[in-house]
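Everything below concerns the one structure shown next.
To keep things simple, chains are lettered A, B, C, D and E as they appear, and every chain counts its residues starting from 1.
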């Protein structure tokens, strides 16, 4: 049973990791916890549901939802966050703004789609394979593969390309970055686009796995993914992956040994323990404290 | 254009401050009278309930403001402290029949201890890392409240929490007593915050917020002040929690969700963090708005979110979050001493 | 959004018919044009669908009355209040309703915990509350103005166990329940009842799960390891469907028994093939051949696009009972109405209803299962 | 033994030995300068003296007591205070409040006093404010008392840092490039001010690249390069030291 | 090449530049001196679009560049070593330099840039993998200057380049200013070390309280008694 539970946890962890990437991307450039990300994820899932309903075929539908959600990300940045940056406001103002945005998106979803849980078609449903006593479904395997690929693409993008270097420069010192000829607002919007796309991928994959979609789906998952991102060292993409897996497995273990009702705080207990030992998360860079 | 507008703003703030400074006494007296007779002007219990709720949220915001507005530690889990205060007080009141004030005090002590337990290990954390730990704290407290059935009654919650009473007089919304109780507590907390800020404690808080390293180099014991801020903040929020529990008469783990934490934080930021005045306006707006907009139904919280976004968009420093433009206030004795020194010097020169 | 439309459309027809009814208002009541009935339930948030369902059902009932001239010669107005299914909101709402001064009665609050917060306020201010969904035994004990049109947990749990043990003939019961006041209570009641049964039926495992996570695999794995051959699922459709789905992946033979609040068209939509064979006891069955129910279901489906759920139907009947009591009392004075309500025998779509001394009801259960994607009576 | 005695302190960062067995001593009332090329390890020495960095080897003895590896806030209490190479003021506070924060440690009223506004609180608070204003007057910042530190020009910010360090009541001041960003005229004024500190009995240790300041004011100078001490002596000796000229002064002619 | 007319800049309500007129001709070294808070850095910020000009105009190579986004300005061939160094603290020395050449498309040019900077400041080559935030103050200053050189600018703005540098490096910097000017780069220089600045410059402007109080030939300015008294520390 332990084996099965660990595997359950890993799949769940992949789901968290997928969402956590979005937090890390935006945090990695703005030092901002984007609380609207959970809602953007729910939006992505609903968009996919909507386009699937239009009978475009499942993959075109998902592609459409990726684009729409990416655009939503840009929209959030352009309408609400960029003006704040222009005013050089405190970071916390942006945080509150993202909470507001989260409210707007989530309640708009409820108002248009209703609060009830809706069925989502299964993706990659090629049945189950048994390895010894383990039952592994193809959906799970595909989810893992796609997450890993996404992660790899993003890591390469951030660390090996010029735009990635620009992203890191903007995070460090936006003023100096613009002096170097970097269009900071474009880079930030681009990051939000990536965040939106990753949220939509997460939305489609996770909905396809659980076959459920509802406006509030990003709430708890979002918080835990955020915890996972921080656990791994927020801003670090591999950190998001490891953090997500760790949270997933520990939840699964908690559910097994303590009972499912404790699982929601498991992510946070692990998080607190890790942070006390490593204040910047597992892969987080230490802040520069030279005086 | 923009600059001219800002220039005007600046003058308005200075003018406003001078105005308030000059008419301190009449303003204070008239608002006190207004607040005191308020329940007699209005017999509508619903409105009175809302007003009390606004008051409770002001206390909560004042509590969080110590930590976030002054020390710069952003907490996303203050619902946890509220829960500790509310649960401790209500359990003591319902199970042991303890009086309101005693049980509130116990709630505050428990929250204070929780403040230490949370504050100490997280000293090394900063920024987002601390915020997420506080968030986790809030969730953990909620989970404990949900699962520790034998004590907290689990998801069934605590029912029939008695109203506070003084000398056998039950303070309820109906007889206005609850309102006055809220008023007194609010006054005490406000004064407490005021005197704390106007002392070396307040300065140490601000120093830690703006530059922790420089603060350390001034000999400030950062550990002590951070933990102190946690404790004060926790105690104040716990007292509000106890008050809240006896207002509603029923609590369960879902009373203390993440949304409560973000609500308190939003009040602090929207009002203007690091100010006392801001907490009042922030709470009034954010608590009354959802009530006023009931007719919007489904779109109520869409509009609520919109308000948050717009307010931040146009006043990111918070509605009343300006820095005082008045000269630094010196006490009379200092002015006298300085005058003295100056004239001495002049004498010396002329000699 | 549909509620407003139907309210206005029915108004035009009312004038012509109002004269036919000969109920004059004896009571003091001021010159208010309408009699207001509050529906207080979650209209936003996770459980908004239930509140909206209540409102829709209440509106349907009001429309029917209004078409026949309303009550006491006045039109009936349904006023929705959103409590977000939160106790604190509910307390405020209750205060607001009390302060309005012209609310003839309250249909609602959704979950038991919320009801328990609001009920004392209504009781103190002598306002009638009928909850279509509260099932906690304490709820109706709050006072004599507090009623419910839902069975208490115990009777429904007994019915579920009966399905599991008698109809399905299983011995090893697993319980999976949501961690809410209702879920906790229900699972406790199930355990107690099973224990009383004695014999060789036993609860082999009990897992509690929280809402807001869609991954139930750890709990399911545990239940399966424990050897459960039937699982009683104490949760709404949104728990039953994913549990069925995830359970059938690892054990296709598992039998799942639910409760009446899982009885909703969405269960089938959400669960697809996996919910085939899920059974539960209901007091309202929309496929029923009963004329009254048929016309109701048709009207509801026409107005709102979906068939009514069990809980909505209970709200529908609750409004009917309240209006009947007002009509009988000849006044909206709640003291009077309360008396008539307490003595009322009402034959509605959710069966014959008669309140006992606490304000509780006894209902007969129909056993329903899902077959080929539709609800059918069990045989 | 000297007032402040530093014995062979060493600091490593990964592979880099930033400070390698540096020793020096400072007597009461002296002005001692530490100079050396960029990246020589001067600021690191200050960071070790004030407890920002723990030292890997060696010892620091102040007034007869070892103070290495004590917490920074305790070292301030012992009486050593500093300014920063990259200015670190409390930008949201007013000028006078910045100085008041400096008085933090030698304030004796407790939390209770401040909550109940006891006479003790009032008296001490008044004393502190008065004291702060006097310090500002002495450094020539009195006219900017009510301004927020943020709005000061660079040079005034440097002065405010010094004022804040003095306010801690420390008798040893560590000044890290106090004249950076000042024009020759302003440096000359600063020089006067530091001299006046000496007169008042302060001990000053200074890092500075402006030779017109260093050579005119220092009682003694220590030179380090690549973390290692390379010379020490009075200004005229240093100005003519071959190694120092080669590593640090280059072709700059010093009129010491 | 660069022409500034009647420029006004505000920080909120602080009027920092009160009508500046200034010109830099191609191939010149122009220095800008003035006491603390005179508005020198503000002028550079306004040129680079970091601070917002309220009125007046800035023309560069006969294009109006007033208040256009900072990144555009970098693309026109203006590069800056700003006040306060503004390095990217968590990025390595090498990455910082790479960012300096962000607008350069030609890979070979970038490689040449590295070589040039490393030859100039061997210290930076020693530390090319170190994160910039942990460099010493002077090392950071070298990095800021090196980074500004990476983009092969036509106009180089230097804000107190000698700040915090050792005397021998200061000499090096001034040599550098001379030599890159000879390579055809126009330079606008802010210095507190007015003596040396004036000695390398063709022309100079003296800023006081947000206005130009004096301008002219560098030698002439250096010999002006008021300048001597106020900025050169010579009575």
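Note that contacts are C-beta pairs under 8 Å (C-beta built on N, C-alpha and C of every residue); 3 or more make two chains touch, one makes a residue touch a chain.
What you see is a predicted model, and the numbers here were worked out from it, not measured in a lab.
A.B. asks: Please report the minimal path length, in steps, between subunit B and subunit C on the chain touch graph.
C.D. replies: Minimum number of steps from subunit B to subunit C: 1.
A.B. asks: Just grab the chain with the largest centre-to-centre distance to subunit D, centres being mean Cα coordinates.
C.D. replies: C
A.B. asks: Between A-E and D-E, name the chain pair that shares the greater number of C-beta pairs in contact.
C.D. replies: Result of the comparison of A-E and D-E: D-E.
A.B. asks: If you average the CA atoms of subunit C and of subunit E, how many Å lie between those two points?
C.D. replies: 75
A.B. asks: Could you please state the distance in Å, as a whole number, between where the Cα atoms of subunit A are centred and where those of subunit C are centred?
C.D. replies: 37
A.B. asks: Take the average of all CA coordinates in subunit A, do the same for subunit D, and state the distance between these two points in whole angstrom.
C.D. replies: Each chain reduced to its C-alpha mean, subunit A and subunit D end up 47 Å apart.
A.B. asks: By the touch rule stated above, which residues of subunit E touch at least two different other chains?
C.D. replies: 134
A.B. asks: Hunt down the residues of subunit D that sit against at least two other chains at once, touch-wise.
C.D. replies: Touching at least two other chains: 43, 52, 84-86, 88.
A.B. asks: Send over the residues of subunit A in touch with two or more other chains.
C.D. replies: Correct list: 107, 110, 259, 261, 264, 291.
A.B. asks: Provide the residue numbers of subunit C that touch subunit B in the complex, in ascending order.
C.D. replies: 1, 43-44, 48, 80-82, 86-88, 91-92, 95-96, 98-99, 113, 116-117, 120, 138, 179-181, 183-185
A.B. asks: Using the touch rule from the top, collect the residues of subunit B that touch subunit C in their complex.
C.D. replies: Contacts found on subunit B: 44-47, 49-50, 53, 146, 149, 154-157, 159-160, 173, 244, 247-252, 254-255, 291, 294, 297-298, 300-301.
A.B. asks: Of all residues in subunit C, which touch subunit A in the complex?
C.D. replies: Those residues of subunit C that touch subunit A are 44-49, 52, 179, 207-210, 212-219, 221-222, 225, 237-238, 241-242, 245, 249-250, 266, 269-272.
A.B. asks: Which residues of subunit E touch subunit D in their complex?
C.D. replies: Contacts found on subunit E: 14, 33, 35-37, 83-84, 123, 134-139, 141-142, 160, 163-172, 192-195, 229-234.
A.B. asks: Which positions of subunit D touch subunit B when the two form their complex?
C.D. replies: Residues 50, 52, 72-73, 76-77, 81-82, 84, 88-94, 96-97, 100-105, 107, 109, 111, 114-117, 121-122, 125-126, 129-130, 133-134, 145-146, 148, 164, 168.
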